[in-house]
Structure formats: structure tokens, C-alpha cells
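One chain, subunit A, links the two complexes that follow: it is found with subunit B in the first and with subunit C in the second.
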Partner chain A sequence: MDAYVHVRGLSKAFPVRRGVGQVLRGEHPVVHAVRDLDFDIAQGETVGLLGESGCGKTTTGRLLLKLVEPTSGTARIGTRELAGLKGAALRDFRRDVQFVFQNPFDALNPRIQIGRSLAEPLINAGVPKAEHADRIRLVLERVRIKGVELLERFPHEMSGGQLQRIVLARALVLEPRFIVADEPVSMLDVSVRAGILNLMRDLQDSLGLTAIYISHDLALVRYVARRTMVMYLGSLVEDGPTEDVISRPLHPYTRALIAAVPLPRVSQTRDPLPLRPGTPDARKVGAGCAFVNRCPVAIAACTAERPPLVTLPGGRRVACHLMPAATQPRPPVTLSPAL
Partner chain B sequence: MSLLSVRDLAIDYATKGGSLHAVSRGTLEVGAGEVVGLVGESGCGKTTLARALTGVVPRNATFEAGEIVFEGRNLLGRPVSEWRDLLWRKISFVPQSSMNALDPVYRVGAQMDEVLRLRGGMGRAQARERTDELFRMVGLDPRRGTEYPHQFSGGMRQRAAIAMALALQPALVIADEPVTALDVIVQRQVLDTLRDLQARLGVSVLLVTHDISVVAYVCDRVVVMYAGEVVESGTARDVLETPRHPYTMGLTNAFPDLERAGGTLAPIAGGPPDLRHPPRGCRFAERCPFALARCRAETPPLVVAPNGHASACWRSDEAPALSELAKDPSTWTLTSTSAA
Partner chain C sequence: MSTPAEGKRRRRFPSLMRALRLPENDPLAMIGVAIYVVFLLVALFADVLASDPLEILFLDDGNLAANVPPSLAFPLGTTNLGRDIYSQLIVGTRAAFVVGLTAAIAVVAVGTLVGLLAGYFGGWVDNVLMRLADIALGIPFLPFVIVLAAFLGAQTQNVVLAITVLLWPNTARVIRSQVLTLRERGFVEAARVAGSSDWRIIRVHIAPNILPLSLLYGSIAIGWAILTEASISFLGFGPSGSVSWGAMLQDAYASQALSRGSYNWFVPPGLCIVLVVVAGFFISRGYEEVLFPKLKD
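Let's turn to the complex of A and B:
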């Protein structure tokens, strides 16, 4: 089947502030937020995009929704090439794709009532006014909010869980085909978080949505996405079925991420993190692998050359010079807590 | 004897809509060298309670009842100067966002220096030496003391805040969500540092968090709060593995567990009550799938079992059976007519 989302060589570099010397020499230093992304997402598939803050996961989401323009590379969503999309075609595109924001307390205008917030996308998209009430009723049903009286309330009169449902409803009211959800439950209390996650799962199934779920928490990604892509400082380092990635991580960074995930049980002793002390810094990525300064198993080649993202038999992908050696268990590395 | 013992603490906030009972039955103990987790959701009063232990409460807050006994002395009702005397030297605080602990316009090392010299009465040379030592202790390079907070990463700032809290070797460190804003790897590293230092220095820690996996990782004991009241407390193992209060059961179900195959997470339907008009009886009753008529009429007392495991639930005796039922997600959907 043809991919619904088709991304090739997608990169985004942001200029950074120049020093005096750089200005005089006419240099234009940049930081590569996202580098050479290649991936496909099938129609109806939900993919988790996992990584630490600053790894480029949010920029990736924004690139796919054409909220920022790439420096190079191409992205196609459905039948539309994003480059050069404008005018009526861009407006149609905007109806088909939606972004679900992290913080429901910020995502809605505090000064307008919920009902108005929900109607706004419909107005912008030129949906006839007569249809508004029906569309809003339907979408509230979908996010399982009962009671139209809520529509007259203001955001501050609602709980976080209700607000996040409204934020979801707002994203869904135009019946998009592709959504990017950026850490949609990270601001919510645990007892309501599960409700939103369950809702997202059900909606994917019932609406056949294609979705990217951005998070730094593998346990949450696992709950909503069957496939996971792991990013590190702008590059994809691993891609595969979520369960396989968890049970048999291939990239050393993924292994560290998994080792760090907190468990909600009284812990047995846990292994030290398989990481060397070092900080991720997108400005300091050299010619080699971006992870080399923290990687416990790095070899000389890792500093010299960036490992390509290779596809393994079975379809998993990983960008590591030590493949398949990297999958062998290694003696634990002693952790020194420097950051 | 406990280092800190809080009994039946009640704190009200004066608000436009009347008095808000932020903490009603705050009862907890922290022993010497113990790490105690204070768990609950936003608005449950955990931060109010923790801050009250430092004597620092918002202007509209009043202590209505109870006592805060620290090293055998009830601090409640004592003059502010007496509290202030304890801060940093005996009780220190690591706030949620370390941006708040560190002044953005002063160098990090200078802020540490200030605590050591003004509060600890150290001389310049001694303070500098101690600052370097503290930086190394939390895994920071002492040379970075000349930098400003914004030049630090989130994890580094949190380390600096922990170093500052430990500067004068207090007996008790209160940490309010110290790792909440951090990525998983950094979170784990900061927790490892905290755990390591706690064991080495023998300091007591009261760790306020909403995250039971953080509790599971670092705490000896845990105190669970709901709607301003302590509903359960005991060893981390007892509370997390054999919870006796339905709220705790619900919380443990709502957490995804990476090492267990995915089932369905069960949310707790509804939301916490308005603390300006708390309901009669058990405050969790309206969200509780096991609530009886009695629960809505009478407030269950916090009953301590012989093993120290305490819970405030009329059906505590049935806890093992209820706990089994609570593991089934459908138990929690029965009452979900008012889904949050």
C-alpha cells in the first residue's frame, strides 16, 4: 500500500546567534534541529516519535503540518506535496491535518467560551453555519463529553481532563485525516491521563486516523502506538514495532532510554544507566554519530562518520555502526552523574 | 522518635468564594534518615503541606489546627524568626522548578556562597571551598559556578538546587517535584544522585510528587493525599503492592508499566471535590467504585494497622478483595457517568 505520509531527506536548520568573529568572516552558523529524515507512515497507522527535549521531535511534527518550512527535503501527506502548497490548496490541507497541543491550559483562548473555541475552526474552514451545531455535537460525543451546557463555559471553569478532551475535539471537529499529538497528556494528572490515552486509542481505531504521537515517555508511546521511531539530536536512530523496540532495542541510545523509564513498582535494584557522562548538544554534533559522546560502546568509526539508517531483514531500521554487534549485551558501565 | 511529626494539620486559604480547606487532616511522620514520598494529584494539598513545614505559606493561608513537631518541638504558633532560624540549617527546600530556586541574575556559585556565608556563618575562603565540594558532590564541575542559571541545563539546575539544599547539612530536605520537568534519562540521573547523597549523608527527605514510579524508585515510605487529606500511608512496598485505599488502587492502575505487557489503563472517573465545600463523609466517595452509603455520611478515620500501614477507608478490611476488583478496568467505568 502506498504510504500516507512520505518523508525523504527532510531537514530543518535554524540560524543561531553569531559571534563577532563569525559576522566578520561572513559565517552563518546553524543548528540542525532535524536532519535527513526518511520515513513512511501507512494510512491509519499511529507512530510514536520518542526522544528527549531538544531532539527535534516537535520540529518534525511542525514540519509535517507545514507550520515551519524545511531547509531541504520533501514531505508528502496524502496526495499533497508540502513544498509549494499555497492558497486554496493550503487551506484544504489545513482542514485535513491537525495538531494536538501539550498544554490544554494554554491551547484554548481563556476569554472565549468553549463552544466558540470549537466553532472557530469550522468558521475558518468555511463550513456553513447551519452545520456547526451538528458537527460540534458529534465531536463532543466522540471525545465523550456529555452535556452541551459545557459549551457556555470558559476554560478556567473546567478540569484539565475535560480541557484536554475539548482540545482534542477542536482538533477533530474538521474531521482531519492526519494528526500530530505533542505530549498530549504530560500536563494531566495521572487519574485522568489514562482516560485521554484510552480515548486516543479508540479514536484511532474508529476514525481510521493516521497519527504521530510525540513523547519522551516510552511507556505512554507504547500504549497508543504500535510503531515507534526514536530520535536523537535531529536524526532518526531507530524505527520498529514498539514491542520489539522495547524488548530488543538496537540502538545504544534506545537502550539507555529504556533503562531510564521509571517503573511504578517498588524497585528491585536497577542497573546503572548504560551511558557515558555527556550532554546532548545539537550545536556540537560533528561529522560522526550524534550520540558518540554519551555512547558506552562507541568505536573510532563513530567519531569519523555518521552511521546511516539501515533497514534490517524484517523491516526494523537502526543507525549504528555497531549493528548487529550493538545488540549484544555489554558489561554495565559505571555511571558518573555528571551532566 | 521521629525527626518530623505532623499531626492533624489544617490549612485554609481565604478566597473570594469563601475559605478553601487546602489541607484538612495532614498527618505524617518522617524518621531520621528516611525518605518519605508525599503523593497526590494537583490540588490535593501536598505542596501546601510541604511548604507549611518551612513556615512559608501564602499570605491568604492560615493554620487552623494541628501541630508540626520538629526535633521534639512544636513549631506551629512560634514566631517567624524561629522558623527562619531553622531554614537552610535544619530544614531546606528544593522547589519544583529550579528556575525558582536560583536567581537568574546572579551566578550560581555566588548564590551558594550567600547561603553558606549568611546562613552558615562561614568565611569567604571556607565558603568557596564548600561550594566546590558541593558542586562535585552533585556531579557538577565546580568551574561552572561562575555561570548564570540560564547557562545550565534543566538537570544541572536541579543538581545545583539540591547542592544548595544540602549546603548546611540540614536534617530534613523537602523536595517539591524535583524531577517532574526533566526528561527520563536526566530524571533518572538526578534521582540516582539524590538517592546516593541521601544514603551517604543520612539526611531525611520528604519528596513531594505526583509520580508513583518516582516514589517506587527512591522512597522508604509513602503518604498518599487526596482532596486535602491523608488517605493512606505506610512503607512504599505495602502501599504500592497492597494498597488499602481505593484511591491508591486507582492510581496504581492508571500508570503504564513498561515491564508489563499492555492491558488497559483505567482512569478514575470524575474529579476532586471543590475544597471550599468539601462533601460530607469520605471525600473520594463520589469517584469510588466501592462507596457505600456510610462513606457518604461519615468521614472514615485514618486507622493504623499493627504493621504501620494506615488508611482512611470504611472498607479497609476488605482491601485485598477490593484491590483485586480494582485491577479490572471495568470496575472503574461503572461510575464514569461524569467522565472528567
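Let's turn to the complex of A and C:
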């Protein structure tokens, strides 16, 4: 299979601050931000990575960008294995793989002008200086920003929507092949979100980019991505075509996630969420399923053993012990038109 | 409401203020810069403004011009050994600035570099550098300077060395903590994704953002260095035969100028020290405004 992004067993554990007792006992407690991720992304595909805060979706993005080193597992993007990339090979990798930041107000150095921020990737990639102006003009056209005089401005002189276009332009100026977008519009006003998302979608089509959108927002993922992966406490729990995942969620967590989508009318009565009360805690994930303490349908096997991510006929994947039973008809999930 | 004319009037030397990254409409910072500029000019043109400060002068009647009160010929009077106080004060500016500026530059250079490296790279680099800083902070100030002067000789460069060794940790600590927060900012990560090397990130994205802080500590260090130089000279460990404000005070003290009521002797150098230190404080206030704009409220 010739996937563009190829991830196997990717895990990242962060050390936790130790208490006196743990230091004395020589323990090194860790929190498993990401554990045993397996997925492929085909060339040109757009994937949404959906999950709640703290589920490890941002860490996954940072692993793919080689901003953090994995504890174990491998990731390959294009022809490059991420492990051991350095020097010139790492610089080439940075040309191909780019990042769109969540917070445009923080993603640009406040002390340097927009133009210099945009030129930085070009300088690092060794693009001759004579070409800089042309490449920057081209990329500004692509993100539909008019006026070269903007290049003289400082970030605080621009609006959030403009800044996010600039951040996008900086990601695109080297003509990358793979984009990681981490909550690309969550810091923006609702009024400019659609504009940015449409722009990103158009650019992806016209440039043939492969992309992964990381978000907690079901509506966003549904809008931009054909395929959705759902994460819970560091593990992938479900993976499949977005429309199928939303209309026929297989994993109990995905069902809860979709049932939690706000309803457009206040008066509308809603069923209680299919969740048991509890908080997710990545430090307390035991041998069993990560979701077991909140799962409404958990059985004994769920505490004893981690359910593997199994591929179902048709290509969907789900990690749940109840899977054969769970495919049985279940009450349909009503989606609000607001989605 | 400010009219354009007013706006123009308030910006006295905008380019200088901008080069120093100071707010252009901060009157205190302006006063501080003005005091520095005046003293700097005096130091540069000391030869023109004053005669030999160590020359022993005589009156027209052939007597030693000792303890002459201020007059037209001796604007600030003379010392008990017949030396011109005004000339000493002017030439002493030079010593103050040579020591003050070189020490401040050395302190800021060492402190900023150590802070940048420790904060950015972390790990063992951070540990080694910060433990060194702790050791330096534990050294008592004046005894160390006196011992150093005793061992290496009472020379100007040893005074500067002592001040540098003792003052860099303060700057380094503050710069380091600032770098620690900057390192986590989105634009630093963005630079890394854009392919920037560690050195480029430090140079382009981190160092310019901590420059006002470095300059703040520089302006404080100038005052400290001048005070220290004065203390060392006053205690008699300064370079012998040199003229500085501290040495003047030492001289006045040793010859009991206070009991003779020769205020013209010890008030001017004391006042100059205060002025330069206060100027440093004013400028640091200006930087505070750049760094923490919300303090103004």
C-alpha cells in the first residue's frame, strides 16, 4: 500500500513531576499522551482528527511534524522516516511538511514585519533571494490577500482573519505536500471561519495537498474532511468516512460525541448523553480500554484487555470489544441542521 | 487632545530613543537619557573643559592655593593640597564612565548570553550555568572586590572585572526566565517548522524580544558600577593617582573637609554620583514601561 503518511505503533509518553515517595521508590511516572497509533493517509487525502481536549490530538500533530520525538513507534511521511532525520534531510523534510497554527496572534513574531516572517522559510530552505518577492506575491495571491503594503506591517496591526491567512501563506510559501492544521479556526470569529476553511479547502484541491485537520469540532471536521479519525485518551477509537462515522457511529465514545452536538432550539428536549459520569485522566489508563470508566455499555473484558483497532468490511476501523454486537441496529442519531 | 505640533514637540530625539527602544513620550526616560548625554559629552571633552586635576596651584602672592572657596578662577574652590576641584570633577566623569560603561556592557553581554543559552537549551547547560550564577550570587560584594584589588592590583580593569563577575548572575537569571516563556511561544515553534536552526531562532526570534530587558539591566548596571567604583576608591583600593568621584570623596574625607565646612569639595562629586545613578533608574523605568505596559495603570 503506498500511503503518503504511514504511522505504526506511534506512542509518546511525557514524564510527570514526581512526588517525594515516587523519587524515593525510584519510580518514573509518565502520562501517555499518545499510545500505539496506527494509520495511513493516502496522497491527496484530507483526514480529520477528532477528539476532546487532552486526548493527544495535538501531540499527534507535533509528532508528525517532528517537533517532539516519539517514545516508540515509527512514522513515515513520503519517503522519509521521521526517526533520525537531521541536518539537510531535516531541512528538506521541513519544506514538505508544514503546520497551520491554532492561534494566529501567537504564531507570528510580534517584533518582525509580516514580509520578513513570510521570507523566513525561503531563507532557511536556501531559495535565492531574487526569487523571494515573486514567491511571496504568488502565495499572497493564493491566500487572497491583496496589497503588498501589508508586508511592511507588524502582526498587531492586522486582524485575526488576515493573520490566519498570513500564517497559511507562510505554511504554503515553500509549496509543501503535507499540511498539519491544528484547530486552524478555533481562535477566529465565527464570521471569518468559513472564509478561511473554504480557502484552505480550495487550496488543497488546487495544490493537491495531503492534510490532517486536528479539531474538537465535529462540524469543522465534517466540513473539510472526507475521512475522520476519532481519538480518546491517546488512542484511536474509530476511523472511517466522515459521513458514515457521523451517521452510524460504531464506538460508544463517538456516539456520545455526536449526541453532545448542541441542538438549535432551547426548548427541544434531548436524551441524556450516553456516558457514565467521570473525567478522562490519561494518567489512570490501565490495562483495559481507555474509555471504560465512562462507557455506558462496558463489559468485563473492557477492564481486562485493551480492544484492538479492527478493520471491518468496508474499511472502517473501530476499537471496541463489543464491536460485533455494536454493528447491530441502534437508535439513529439525529443531527441538527446547524452542523 | 494632542495637536500635531504638540506631538512633534514631545519627540525630542526620537531616533536615539528608538535605537535604545525607549518610549519616546516618557519624560522620565528622556531626563535619564539627557543626563547621560550631558555627562558623556563632559567626559569626552574633559580635556577642553578642565585643566590638569592633579596640578598643585599657587595664588598670586606665591602661597599655596589651599582650601580656596569657590571663585571665578576656581569655580568649585580648591582642595587642601591646592588642586582645582572643578577640574577633578570634570575629569572624574571620565573614570566614572569608563568603569560604568565597560562594566555595564560586560555585565549585559555575559548575562544575556548565559541567560539565552541556559533558557533555550535547558538540561545540563542550564544546570551548569545557573549553579555558577548561584555561586557568583553568594560572593559578598565589597570584600570580594577588595581581595581582588589586593591580589591583581588596584587597576581599573580589575574593578571592571570584579563588577562583572558579581553582577552578571542577576541579568542572566531574568533573561533566562524570559527566554523560558518565549521558547514556548507559537512563533518560535513556527520558526522551527519553517526550518530555522537553533541559532537562527535565538538570533532572530528570541534575542530581539529580550533586548529591552538586557538594556534595562544595563542601565541598572551602569549605576551600580559607578557606585562600586566610588566605594572602592573611597576605601582607598582604587587605582592610585587616578581622579574619580569616589577618589575625591576619599580625599575630602581623609583631609576632614566636612569639619572644615568645605561643602564645595564633597557635595559636587556626591551629587554627580547620585545624578548618574538616578538617570539609570529613570531609564530603567522607561524600559519597565516597554516591558510591562500594564504597570502604568
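Here are a few things to note about the model shown:
To be clear about the criterion, the second predicted complex is superposed on the first by the 320 of 339 C-alpha atoms of A that agree within 3 Å, B and C clash if a C-alpha of one lies under 4 Å from a C-alpha of the other, contacts with A are read in each partner's own complex, and residues count from 1 in each chain.
One rule holds in what follows: a residue touches a chain if its C-beta (ideal position, glycine included) is under 8 Å from a C-beta of that chain, and two chains touch if they have at least 3 such contacts.
Since the structure is predicted, the reported quantities are computational estimates derived from the model, not experimental observations.
Three-chain overlay on subunit A, with subunit B and subunit C fitting side by side and no clash. Contact comparison for subunit A: of subunit B and subunit C, B touches the greater number of residues.
In the superposition on chain A, A:Ala287 makes contact with neither subunit B nor subunit C. By the touch criterion stated above, A:Leu24 is placed in contact with neither subunit B nor subunit C. Contact with subunit C, but none with subunit B, is seen for A:Glu120 once the two complexes are overlaid on the shared chain.
Of the two partner chains, subunit C is the only one touched by A:Arg170; subunit B is not. In the superposed pair of complexes, A:Gln162 makes contact with subunit B only, with no contact to subunit C.
Superposition on the common chain A brings subunit B within a closest Cα-Cα distance of 8 Å of subunit C.
Looking at subunit A, you'll find no residue that touches subunit B in one structure and subunit C in the other. Taken together, the subunit A residues at the contact with subunit B in this complex read 52-53, 144-146, 159-162, 189-198, 216-220, 222-223, 246, 256-267, 270, 272-273, 275, 277, 279, 335-339. Those residues of subunit A whose C-beta lies close enough to touch subunit C in the complex are 65, 67, 90-91, 94-95, 97-99, 101-103, 106-112, 117, 120-121, 124-125, 167, 170-171.
The touching residues of subunit C, counted against subunit A in their complex, run 185-187, 189-197, 200, 204-205, 208-209. Interface residues of subunit B facing subunit A in the complex, by the touch rule stated above, are 41-42, 138-141, 153-156, 159, 183-189, 192-193, 196, 210-214, 216-217, 236-237, 240-241, 250-259, 262, 264-269, 271, 337-340.
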